[in-house]
Structure formats: C-alpha cells, structure tokens
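Two complexes come next, and they have one chain in common, subunit A, joined by subunit B in the first and subunit C in the second.
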Partner chain A sequence: MKVHAPATVNEACEMLARAAAEGRTLRPLAGGTDLLVHWPSKSAAHEGEYLDLSGVSELRPLVWRDDALVLGALTTYWDVVREARVAAELPLLNAAARQVGAVQIQSRGTWAGNIANASPAADGVPVLMAYDAGVALRSSGGERVVPLSAFYTGYRASVRRPDELITAIEVPIRSRDVAVFHKVGPRRAQAITKIGVAITRLAGSGADRWRIVANSVAPTVVRCREVERLLDSGARITSAGGFMPALQADISPIDDIRSTAAYRRTVMGRLLYHSLLGACSSVV
Partner chain B sequence: MLPMHRLEGLAKLTGAERYLDDEPIPGCLWGMTVRSPVSRGRITAVKFDPAIDWSSFIVVDHRDIPGPNETYLIENDQPVLAAGCVRHVHEPVVLIAHEDRRLLRRAVAGVKVEVDPEPPVLDYRVPPRAEQVQRGSDNTIKSLRIAKGDVERALASAARVIEGEYQTGAQEHIYIEPNAMAAWVEGDVVVVRGSMQCPYYVLNALKHALGRDERRVRVIQAPTGGGFGGKEDYPSTLAMHAALLSLKAGGRPVKIVYDRDEDMAATTKRHPSRVRHTTGVDADGRLTAMKIDVLLDGGAYVTLSPVVLSRGIIHACGPYFCPNVLVEGRVVLSNSVPYGAFRGFGAPQTQFACERHMDRVAGAIGMDPVAFRKLNLLRDGQTTATGQTIGGISGGTDRVALLDRALKLGAWEERREEAAAFNLTHPYLRRGVGVSCVWHGAGFTGNGEVYLDSKVQVAGLADGRIEVRAASTEMGQGTSTVFAQIAAAAAGYDAGEIVVATPDTAVVPNSGPTVASRTVMVVGRLIEKACGELKQKLGTRGSGLGVGGLNGDSLRRAIVEWHARNPGREPAATATFEPPPGVKFDDERYVGDAYATYAWGACVAHVEVDLRTCAARVLDFASVQDIGRVINPVLAKGQVQGGVVQAIGWALLEECRFRDGAMVNNQLTNYIIPTADDVPPIEVEFVEVPYAHGGGGAKGVGELPMDGPAPAVLNAIADAMGREVGADPMTIPMTPERLMTLVEAAEGAHGV
Partner chain C sequence: MACEDGRAMEVRLTLNGKPVRVEVDPRERLLDTLRYRLGLTGSKEGCGEGECGACTVLMDGVPANSCLVLTAQCRGRSVRTIESVDAKALGPMLASGATQCGACTPGVVMTALWVKENPGLRDSHTLRELMAGNLCRCTGYDGIIDGLHAWVESDARSGGAA
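Entry: the complex of A and B
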C-alpha cells in the first residue's frame, strides 16, 4: 500500500494528473469507510496507491453562501447533523445523515466519498439530487461543476475523470413545500438500503417543481422523471398502483442478495403513495 | 445470595482481557486453510502455483495425520482433512502456515483443489435421487420416535383435526470472537490453547487424530468471546489443524484465527427444520392426539445431529398434556456445512412449530389462544410424551400461573384492546400480540449425564483461599462468577476468596462440556458437594471440629494449618456426578424421564407490521420463566434478554443465503442480526421453584430463552395481519419479502 499525503488541493490535483499521465491508478481516500471495507480479504487493494485527503484542510469546511450550502469534500454526515441550520433549511440532508450506518460511520464517512463511490444504494445521493446539488470537480486543468443528476453514467460509473478531485458539493437553497426522505433497510441501523426515495417540490407555481430520486432500484441512483412529469402534470393518483406505469419506466430493480425486484417495485409504489398522502394531500 | 459483578467484567470493559488473536506469541506462524470449491465430488488434483516458493511454507494434507483421519465425535465420519472426496463447499483440504500473514493469504489463493463434481443434495426436503445417496439407502443420518397411547385412533375420533407445516432456517452464531486456536509442542506434549466451550472434546479429538494419549496432549481454554454452541465441537477441527501444522513445523507455535467471512461460511450453523403437525382436539378444546413429523437438515457429516434430533423431538409437544402422541424425527444428510450445536439444540425449531400450531389450532376451533393453552398446559401429575410424570423433583411449578404472570407483565389485555382500536384507524400500520409457552430440559438427555461421569475438584490454597477446578468454560455467560458464588456459599467465604481455575486439561478434571444449560445446575452442584467433602476431610483430620462443622474463618484456618503441616501438598476434594434417585430413561424406546427436571417459560410479544413494506417490528417483549433458584439475577436476566434478541433475529432477520451449497451472505453487512435499535424493551421476571439437585437450587437458563420468542413474535404477526389481511406466517425468518408474498397470496385468494 502506497499513500500520498498532499497538503493542498493543487498538490492533490498534480499528483492525480501525474498518476493519470503515467497510467497509474491513484485513489482518493477520505473517510475510508467504503475503501477499507473487507480490507483483509481485498489482497489486490493492498498493492494500490492512495491519495490521503485528510491533510488537505481546504476541503474541510461547510460554508453557507447566500444562495447555497457548500459542503467541502471532507464534510462528514456528522458535520451536517451538528449544523442546526441544515435541519431547518435542508432537512433531508439531516434526515439522510442520521440514517447512514450508525454514529461511528456518520462521523467518518463523507458526502463526497458517498458520491464518488457511485453505489446505487448510496443514501447521501438521493437527498442531494432532490435538492438539485452540483458537484465541483477540480483537476490541474481547471474546475467544472456538474449537476449531480448528470453525474452518473452507469453502474458504478460517473463523469469524473481519474485526474479529477471532488472538491465540494453545492446545494442551492430554495423554498420547498414538500420534502420527504424514506429509507427501507433490512434493519433500523447499520443497514444498506433496499429501497430509498427522496422527494421534494419547489414552492410556488410553475412547471418542473417535483424531484423524485430513488436509490437501490436501478444501476445508479436515479431521478424518476416519468413520475416527476406525472406529478407536475397535476394528475390525481388515488392508489399506489397509480404510480406503477410511470415507475416502470423510471426504475429497473433486480433480485440480489438483499431483496427482490418484485418487492422493490411494489414498495417503491407504496412509499410514493403514502409519502405524498402524508406530505401534501392535495396531490393524491 | 447477593448479585455479584462478573469476575472478568472489568478486564473485558477496559480491553485488558485478550482474545487469542490479540495476544502476540513469539516465533508464531499463522495457519490458514485451503478449502473445497464445490459441494460434492472427487478430488482429482491439488495444484500449487509454481510461481510461489513453497519451501518457505509449512504445508499439511491428510497424509500428515498420525492417527485416523477422523474427527472424534459421535460417529467419527468427518475427516480432519479431505482425502479423495469432498462433501461440502469450504471443506478443509490443505493447511498452510507462514510467519507473514500477507504472503500466507497469497499462498492460499495459489493452491487449486480440482474436483470432479458429483450430484449434491442442496435441498434436504427433497428425497434424494439414487446418484445423490451418500449414506445408507436414503441419506438418513438418524431416525427417532416417541410413541404414547394410540394416536391414529385418537385422531379418528377427535372432534376436530388440524394440520400445519412449519419451517425454520439456518442460523449463524455470530459470537463476537471468531474461532481461534494456537498449538505448539512442549517437550513431548502437544499443547493447544484457544477459544472453546469444551476442552475435553478438543482433548479427545486430538488424542484420536494424533494417536497420542492424554499425557502427551494438553488443552487450555483462552478467554472466549461467545460460543452459543458454535464452539462446542468446531474448535476440535481448528485444534487438530493447528497441531498438525505445528508438528510439521518442528513444534513451533502456529495460530489459526478465522476471518469473520471464513467463520460464517465454513463453520456450523443451526439445523434448518420442517415440522408437520396433525392435531386432534375434543369438543372442549382438549388435546387428544399430537402426530408430529420432524425433519432436520444435518449437513454433510453426522457431527452432533443425532442428539440435536433427540432433544428436538422430546420438546416437540411443548409443555402440554396430550394422552396420544406420535413424534417421528429424522435428520438427513445434505451437502452443506455440517449443521451443529446452537443454543436450544433442536428444541427452538420444534417448539416454534408447536407454539405457532397451538395458535392455529385455537383459531380453527374458535378458542382464545390463552384459554386454549391454559386448558392444555401440563399439570403436576400428568405425563409428557415420553411418559415422564411431571412431579416430585420435576414438579412444583404452576404453569398456568406462570403464563398469567407473563400476560400481566406483557400487558396482554391492554395491548390487545389498543391494537384493535389502532388497526381500525391507521392507514398502514397494524399491531398485534402473541404468546408462547415453552419448556426446556436442562442437562444431557436421558442417561447422558451418567455417561459423562462429570467431576469437579476443589482445593485449599496455602493462603486459605479455595480453588475450583472444572473444565466448564467462561465464554461471556458468567460461569466463573457463578461458580465463585456457589463455592463461596458452600464454604462460608466471600466470593472474592474463591479462585476459579482456567480450564486446562493438565489441571482440571472433566466436568463435562459447557453446553445443554447444564453448568450451574449439574456442575454447580458438584462444586457444592466437593466443598462439603473438603470440609469433612479437614474437619475429621484437623482442629477437633465436628464433621462439616468447618465454615468461613474456621475453614480458612484449617486450610492454612493443613498446609503448614504438609508442605508441598494441598488439601483437595473431588465430587463425581450421581443421578438424582428414581430418574430413569430407556434410550432405546424413548420412554421415561428424558430430563431430571425442566425450566418453564411464557412469552408475550407486541409487534407492529408496516403494510407498505411488510416489515415487522417488535415493540415490546415480556418473558417470565422458572429456572429454579436464581443465583445471580443480573446474569440470569442477561441470559434471557440475550436469548430474546437472538431469537428475534432468527424469527425476523437472519437468513443464510446459499448458492450452489455455499453461503453467499457470509458478511455482517448482508447477514442481518438485530442492532440495539431493532430490539424492543425486554421485561424479564423469574418464578423460583428450587431444584433440589441443582447447584444452589438452580435449573438451566442458557437455552430456554431461545425457545419462546420466535413463535410469540410470529403469533403476534398473525394476530396483526389475521382478520383483515389473512396472511398466516408459518416460516421463519419472516422477512418482509416473505411476508409480502404471503399477503399477496392471501389477497389473491380472497379476490381483493
């Protein structure tokens, strides 16, 4: 195991650029709560090269701008739980953070690591996507901000190039009149999500107000655009089954070690129906 | 007696106590196991990667075993290392040792076991095809039968006959410390030290496979992080493996510590079961006939399965009286890891079926489940399925009153009414309550305790303290603490003046295995007897005090004076097990006193089912039990609460998933045990009916807590879902996926 320890973002980006140019794989290491899982049996990973971000203090802070909350790449779930203003203004971030693993993982695991790890079961991603978050990617060549909803390209694949570092996550602050997060795990804590959904609606009137984002029901965390369109159209849905045609187009769950495709599909429909029944009875 | 803190509690809390893996052994090699990749077949080749320099590794296979290649247990059919053929995935084939754990891992990956596959049995419920038969004519490992009265006639004349089929899955022990063992050679003696429940089982296995007598083998227990039956027989395998590697390495110490993944995939689990009930009742709801068919999955080798089956069928009728009984049990071979001992040893499986069935029988005849149970619970003077009359030393417990107490503790009436109202108004949550009544025979079955011939020694130390020497192990359940309490009471000492010796076969006599809820009851009693014996010896020889007159200070003085008079020696006394008078069991016909006495319990579960996800959650749980005299209330309550948690996991969450005979969710991420947040408040009360032949008046507490919760929880789910949804769960684990399938089937059937 070879570990590089940059002190600044620039240094980190140079190290990534050099590795990319030389064809070496250099993996950023934040909390390590994904990278180090099952470490003893991951012999190949023992030989790898790692970019330890813990010394890069620029990545640490959580900052409030006028129009957005900016989570530095080293912001942990616990940092968010501790920030009272988050619970008031972006309550789904708080709700999701409290349901990740348990307190040990919450205090080590980072939001950026959750995004970069690109698991379809990631719990931090649906709520960020439902808040229209953007991912700031830096390389020695410059910076770009990619909407999180356009970040993933397939199972465990994203637009992030190997020479790019996630430096921050920008969460715009907008007024929303619906905000729901529901995680269905096999138990109440320390659980990998079997079906999850984050739901928001922008306050006011107009088109494109709904965000329905689901995890563990497709190769990536997905925005359910057909369901969003259905809701934006003002259609009245009077049963869980009413969401099914749209959901069929949006999600593609599978049978795996944790659950079944049929179970996931049914539960997703019911969660949508009952969440919206509770959250805004005018819709359903 | 006063409650007392765990003797080793502080060391555990502060981390000062070390499991074997935490303890550096100078010059130690690490050992690892190369395993079978398939569930059944002939080994055609074992290939070693030529890119690896094998000269720096110690490599052992079946040809290195000095004695018979057999794991000494009931039938000795399990090889120490596979020779020629394999019968389950992960069966040990080759052992490798090296001082560098990283190189060792790579080397293990560099050995390829090539197998010509043969058709395996992957579903124990399906009768084998000819080419799948590996034992006898149909893979039966053992059949047993209990008969009383005339069950067919009683069924023919019953007012109602109700049938049901119940299934339970495999369960992992998830002791906090995975299996671990070290071996080395001292002079001519092979020494092993590690995590275990039964040092003398390990000793016997080593003697057999190494072809040595007990003077040339020594077994020492290391601090052990939980067992639950998972360290009853399996540590013998690790001990033999570590010893073989050490012998080949010229006596150097070798340590084998399983990773969690390896421990979960390769070691024993609870036997899966399928139990069928056909029950006759008369017009009043009295049980008139119980015909029960028990089928257990034994896995690839016999191991302990015959005794698991035995305990399973003896408990299959529950704590009820029924004049006509036929229980037929069979355990069959399959090509999975051998199923083994697990807290309750077959009784949780059969009592799950019985208690779920009792609710369904009551429902079928329109009777309240509590009233039905009260009508049928055993009364003193009535007989069990084996014809044992409950009474005398096994009697004295009012099982109806015990149930009433559990109902009160579990707020049965209030919660039932609340649930009915709640269910009418809530859009998607449904609540229900469930009850169960259970029993558990403590100690070995039938004449087992006589065959064990257990012994305990106590000795007076030079400073006047008393040392208790027994092979019974502390593994987190409190053996050392309770032994100290019992010896202190018998000697008139403070518990702090009792030394409990580390189980080491060079020092302690064989007090039997630490299993079957027998330690406090059977071995505790031997400690009392040995203390009495010691007092008598010192009293008659010494200070002029009468026989047995020594106690406390006078005993301490007598011990110190004895040492002064006999330098280099020690005063000691040994007690040997004798069965309580009048207890008789016919091992052939399964008639008589299956256990000298029984612990009794009743549970109440309050659950909530979320109709959106079909996930069930236990909201409250109450358990009342008679375990005889409670020696240490804190530890006893801990046993009950721990058992309830383990049983809730078995009932709702824990599922071993297999693919081609291999467990695929052998990680704590995907094998779901309850967290603190998944566990309800657990109320515990004891009814104390002392047992005259148990240590301090105790019966067993270790296993009973595993018997009642699963059926109580499932009964509560049935209650929550019953009238409206019609789902009738008869299988565990009742995962949300499984419950949803049931609900959908019920909806389909009802045309909703």
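Entry: the complex of A and C
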C-alpha cells in the first residue's frame, strides 16, 4: 500500500496526472468509511495506491453562493446536519444525512466520497440528484461540471477520468413545491438501504418539473425518467400499481443479501404513491 | 509526501490533550495504533465495519469509529479516547444500569460524553438518535438512555468530565 498525501488541490491533480500517465491507479481517499470496512481481512485492497485528501484543507468548507450550495469534496454528512440553513433551504440533504449510519459515520463520511464510491445503495446520492446537483471534476488540464444524473455509466462506473478529482458538488437553489425522501431499511439506524427514493418538483408551471430518484433498485442510483414523464404529463395516479408500468422501464432490482427484486419493486411503487399522497394531492 | 509498505509514516497528533508522535505503517487503523502501539486498550473492536461503535473515539471533538480511520489520516488532528475520562465524573451513568457485559461501554461513554458536553445537540436530535451508533446487546438501551438523560439534566452538579 502506498499513500500519497497532497496539501493542495493542484498537487493532488498533478499526482493523479502522473499516475494516469504511468498507467497506475491512484484512488482518492476522503473519510474512508467505505474503504476500511473489514480492512484487516482485505489484504488485496491494501496493495493499492491512495491519494489521501485529508490534508487538503481547501476541500473542506461548505460554501453558499447566491444560486447554489457548494459542498467541498471533504464536506461530511455531519457538516451538513450542523448547517441550519441546509435544513431550511435544501431539506432533503438534511434528511438524508441524518439517516446515513449514525454520528460516527456522518462525521467521517463525505458526500463526494459517496458519489465516487458509486454504490447503487449510496444514501447521499438520490437527494443530490433530485436537487439537480452537478459534480465538479478537476484535473491538471482544467475543470468541468457534470450533472450528477449523467455521472454514472454503469455498475460502479462513472465518467470521472483517472486523472480527475471530484473537488466539489454544486447544488442549485431553486424553488420546489414537493420534496420527499424515504429510506427503507431493516431498521432506522445503522442500516443499509433496501430501497430509497428522493422526490422533488420545481415550483411553477413549466415542463420537466419532477425528479424521481431511487437507490438500490438498479446498477446505479437512477433517475426514474418514465415516472417523471408520467407525472409531468399531469396524469392522475389512483393506486401504487399505477406506477408499475413506468417503473418497469426505470428500475431493474435484483435479489441480494439485503432484499429481493419483488419486494423492491412493490415497495418502490408504494413509496411513490404514499409519498405523493402526502405531498401532492393533485397527482394521486 | 508519500509513504509505502514497510516504511514507517510519521504522524503527529494530539491524543488526550497531549502531543504524540507515532511511526506507523500506512495501512494501520487508528484503533490498532491506539491498542497495540500505544497500549490504550480501552477502545474495543466489535464489528470492524463501523456499525457497533465499540471503538468510538472523539476526533476533533466529534464521535468517529476508530476502526474506519487510517492513522495516517490523523495528522494534526485531536483524538480523545476513553482513557481520558474520569469515571467519577460520569454521574448518573454509573447508577442507571447503563452497562452490563461492558463490551460496548467505552464507546457508549465517549458518545455520551460528547452529548453531555454539547447541549445544543439536543435542540435538533433526540438522545436515542445521538446514541444510535453505539449498539448494546445487554441493556435494551433504556438504562443507557435513562442514565444519559439524568446526566445531561444534572449540569450544575457533575460538570464536564476530564
């Protein structure tokens, strides 16, 4: 195992560029809460090379711009829980953060790490995607911002190039009249998600207002675009089953250690129906 | 800076209020540095996956699972362990049935101490939510929550611990 410890973003990007040029994999490391699970027994993982970001202080702060909340790559769930303005303006971030593990994980786990680790069960990702977040990727060649909804390309795969570092997550502040987050696990605390869903609707009367994002029901956290289209069309849904044809196209759950495909499908339809029953009586 | 297998990595941190310098393998977890390099065996390993909380320490004043932290990442940080706690200061926690077999207790105490020392947390969180990262298989939790409740309500008498 080799640990590289840059002090600045520029230095981190140079290290990534050099590794990429030499064909080496350098894995960025933030809070380590995914990596270190059962660490002593994972000797193969020890062999890798890591880019320890913990000394890059410029990545830590959470910053409010006029039009967006910008989470640094080292901003933790706990940082967001403690920021009262988040609960007021982007309440789903607060709701999701409080349901990741407990404080011991919230204080170490980062939003950017959750995105980069690319688990389909990632708890921080659905709410960010439902808020139209963008992922800022920096390399020694420059910076680009990719919509989070276009970030994943498949199971544990993303558009991030090996020479790029996630430096920030930009969450635009827009007026929304529906915002719901549900996580279904075996119990409230310390549970990994069986099915999760984040729902938002932009206020106003334009098209393309709904965002329906689910985790643990597809190879990646996924936007349910058919369900979004159905809702944007103004259709009235009169039962949980009314979502199933659209969901059939949007999600592809599997049987695994935590749940079954059938359970996930059924509960996903019910989560949507009952969430909207509570939040938006014009739809259901 | 970079460090490889077999080559010790120098880490300077503040441990229980005192500056400490250790040379560690880059793979080493904070829990193992505490227990096997520094002899601070109060922090326990339960699950090794960040679920049970028996290894809880305070990092820069906030609870963290020391089984999920590389010691190499503790450069310049402040770490507080159960060894810093004066048992006499735990007040009602000692008399409420908050402990039985004791395996979870060091972690429970560190999280409870954080709750006790940060009263503002109770404005936004319930005690059960704050303690949710510390699993206990003996007490059924009521003893822990009752003891913590009595402790946080007894500010004037017991004061802060250690």
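Basically, the second predicted complex is superposed on the first by the 284 of 284 C-alpha atoms of A that agree within 3 Å, B and C clash if a C-alpha of one lies under 4 Å from a C-alpha of the other, contacts with A are read in each partner's own complex, and residues count from 1 in each chain.
Note that in this section a residue touches a chain if its C-beta (ideal position, glycine included) is under 8 Å from a C-beta of that chain, and two chains touch if they have at least 3 such contacts.
On a predicted model such as this, the values are computed, not experimentally measured, just so you know.
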item	value
Subunit B versus subunit C as contact partner of A:Pro40, first or second or both or neither	both
When both partners are placed on the shared chain, which of subunit B and subunit C touches more of subunit A	C
First, second, both or neither for A:Ala235, with subunit B first and subunit C second	neither
First (subunit B), second (subunit C), both or neither touched by A:Ala249	neither
Partner chain(s) touched by A:Val159 [first = subunit B, second = subunit C, both, neither]	neither
Which of subunit B and subunit C A:Leu271 touches, first, second, both or neither	first
Contacts of A:Lys2 with subunit B and subunit C, given as first, second, both or neither	second
First (subunit B), second (subunit C), both or neither touched by A:Ser259	first
Touching partner for A:Val184 - first (subunit B), second (subunit C), both, neither	first
First (subunit B), second (subunit C), both or neither touched by A:Gly101	second
Residues on subunit A lying within both footprints (that of subunit B and that of subunit C)	37-38, 40, 46, 102, 188-190
Subunit A contact footprint on subunit C (complex, rising order)	1-5, 9, 26-27, 29, 48-51, 53, 56, 59, 62-65, 67-70, 72-73, 75-76, 111, 114, 124, 129-135
Touching residues on subunit B, where the partner in the complex is subunit A	102, 105-106, 109, 259, 261, 427-428, 611-613, 615, 617, 653, 657, 664-665, 667, 669-670, 672, 674-678, 735-737, 740
Residues of subunit A touching subunit C in the complex	1-7, 29, 31-33, 36-40, 46, 52, 54-55, 78, 81, 98, 101-105, 107-108, 188-190
Parts of subunit A lying in touch with subunit B, wherever the complex brings them together	37-38, 40-41, 43, 46, 102, 184, 186-192, 257-260, 263, 266-267, 270-271, 274, 277
